[in-house]
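In what follows, subunit A forms one complex with subunit B and a second complex with subunit C.
== the complex of A and B ==
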């Protein structure tokens, strides 16, 4: 195997790994924020808004990310809104991930018992503080396994962002493939994704063990 | 002797779920430092009464006054009122994601905005009195039912309420744990805490109560001092109810 290939292509792969990491980070964080808001709207059954949330979740979960990205990158400019590739990727990931996170967090919120909520109320907690200090922490612990799976799913979904002209890992590997380095570039690709995702996966396992130990939601 | 101050005043309270009448015109006074025990068959409305006092159930009509102020008006800020009316539930309901001490401090620090350092001595003092100071850093799942319920009582007390409501707080405990919780409540009564207690523990009711009310089908059937009520119940309904707890004179007849 040609080792010089690795040293030559390493900067390209490093840059692409960094890009994937940045896109994933913002995509996942914003997904959790969007998902939390949607889940709270569903939980309190807020009229009108919950219809919108329902429609959003169905659209987001039942269309491929690649189609959503196409829409953002090629169709939106026709409506007078031009987004650069990175913004498109983050918005797309958030659009898709928010729907999955909403469902995950909703199941967590529903697992918090009625008397837990009444206990909070009887201590004088208003709606917002009740959510923040009593319901959300327990809901997140219950939803953690699904949040973890969704995070990893979203990180892997970043592999389609080259269609909005981003030089991500898959793009770099494909480029090198054309130059006849099929085996090496594919191996590098696998290694880069593992370096990215494996720590996240292990981190979530650790968190899940911690929250079980504390008896969250038990 | 001057009349002691009224803490809770209930006038003609009516509550129904749809067509079903749960409370049918309850009127009741609870004075400062008084311990009122509410007993009655299940479904008589005693738990609903407590929940109405804390605004957990909307009422149909009637008035409730706390310290002379109406709390059943349209402008009632229940978050404010509930800080003055502590409540302990049958199922303890400690927050599972917080340690014992954080369970206790959550309300005082986040709702009442008191400083953590100011509340800790008070919380520790209560924990010591209920014998759980050494469990301050434990998580709820590491405690027994009786310990959890004692923490739940401390959690409500640390909010410094005017009156405490206890809703069948020993009903899901094993017998030996029932006692440790009841002993805590007896001590609180001795110290002059105003309490409304719903219970099925008749011996305890007699020991702790200043006044007993017996409810059936949404109305107060009898209201009397504990000795008077348990020794000489007036109504047939109360006599029949008290007989449930009585085994004297009953002997199992050996078969064959």
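== the complex of A and C ==
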């Protein structure tokens, strides 16, 4: 293989990997924030808001990210809202990811048995303490595998952001392809994604093993 | 406004072309799902076998597919294979192949989970009755595993439908490409064209995927209460 190609293209790929990492980071963090809000609304069954959350989750989960991004980037400006590529990507990822995270957290909260909560109450735990010491530790163990799957899913979904004119890994690879380095650039593409996602995947499986408290979340 | 909607979606051949694009999207998903089920069941049975080598191989394959974005796989197979092999692969073939590769991995894992959930005495009873391994799998294990499999398979179908827009990246004229072409042409006359076209595509996906997800959830609840 041509080594000069790799040394030349490495900075491009490194920059694009960094972009993907930044987008994924913000996308995932905001998704968790949005998801937590939605899950709490569902958990406490807050009227009206609950309906809105349901509609949002269904819409976000049943449409592809690429459609959402197209709409954000090409249609919203016509309605008077101009977002740049990066904002679009993060907003799109958050819109999609928020719904998945909400479902993940909801399933965790729901798995905590009624008796656990009642026992806590009878021991004199307040709402906050109940959450902190009884609900969250058990809910997290159940929700973590889904949260990790969603995180990896979102990182993979960032591969479409070149349609909103961002110079991500796919964009770089496609550019180099035109110059006739198909195999090298595609291999670099695969390696970059492995470097990005494999550690996250391994890290989460370690966390999952650690969070399986004895008897719970099994 | 109605005029503008009408022009963007129904003028000339627009609507027919959008539907053709949608047809292609659905056709690719349908073919991939069918192939994934056909190949995923034997793969899943192999994965739940005792052979360590086979299990390790499938595990590795599954992990790789799970970590790689589908788009990267599409790119890899479309641009590298067609350039370095004598066969010129059509984007349609590559799309179905990559979606099937992904589907087989997911399907195999679903089958493995469903099969291992069947109590061991079912298999042992089959052996005691003198059935062959093949007979045990197809007459005893799979019919029982299917109930547990169904929600996952339907879920996989919606995920496939939601992933097919990726074929747009390897130069296929799917729903998106058609939408883009329409916006390019009528967008010059009418600024709102992109809102209607992309909005329409958005709604189209929702209308297709939402009932399927509801059905999957219904089956899941039914299974749990049974």
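Throughout what follows, the second predicted complex is superposed on the first by the 203 of 218 C-alpha atoms of A that agree within 3 Å, B and C clash if a C-alpha of one lies under 4 Å from a C-alpha of the other, contacts with A are read in each partner's own complex, and residues count from 1 in each chain.
The criterion applied here is as follows: contacts are C-beta pairs under 8 Å (C-beta built on N, C-alpha and C of every residue); 3 or more make two chains touch, one makes a residue touch a chain.
Please read these numbers as outputs of a predicted model, since none were measured by experiment.
J.: Applying the document's definition of touch, where does A:80 land relative to subunit B and subunit C: first, second, both, or neither?
T.: Neither partner.
J.: In the overlay, work out which of subunit B or subunit C sits against more residues of subunit A.
T.: On the superposition, C touches more of the residues of subunit A.
J.: Output check: A:133 vs subunit B and subunit C. Expected answer is one of first, second, both, neither. What do you get?
T.: first
J.: Determine, under the contact definition given at the top, whether A:118 touches first (subunit B), second (subunit C), both, or neither.
T.: First partner only, subunit B.
J.: Is A:11 touching anything from subunit B or subunit C once the two structures are fitted on A? First, second, both or neither.
T.: Neither: A:11 stays clear of subunit B and subunit C.
J.: With the two structures laid over each other on chain A, which partner does A:47 touch: subunit B (first), subunit C (second), both, or neither?
T.: A:47 sits against neither subunit B nor subunit C.
J.: Examine A:141 and indicate which partner it touches, taking first as subunit B and second as subunit C; both and neither are also allowed.
T.: Once the two structures are laid over each other on A, A:141 reaches subunit B alone.
J.: Any idea which subunit B residues touch subunit A in the complex?
T.: Subunit B residues touching subunit A: 54, 56, 78-80, 82-83, 85-87, 89, 91, 93, 95-97, 106-107, 110-112, 139-142, 155-156, 159.
J.: Which residues of subunit A touch subunit C in their complex?
T.: 58-59, 61-64, 66-68, 70-71, 74-75, 78-79, 152, 156-160, 169-170, 173-174, 177, 182-183, 186, 189-190, 193-194, 197-198, 201
J.: Which subunit A residues qualify as touching subunit B in the complex?
T.: 113, 115-116, 118-126, 129, 133-134, 137-138, 141, 211, 214-218
J.: What residues of subunit C sit close enough to touch subunit A in their complex?
T.: 63, 66-72, 75-76, 79-80, 83-84, 158, 162-163, 165-166, 168-169, 176, 179, 183, 191-192, 194-195, 198-199, 201-202, 205-206, 209-210, 213
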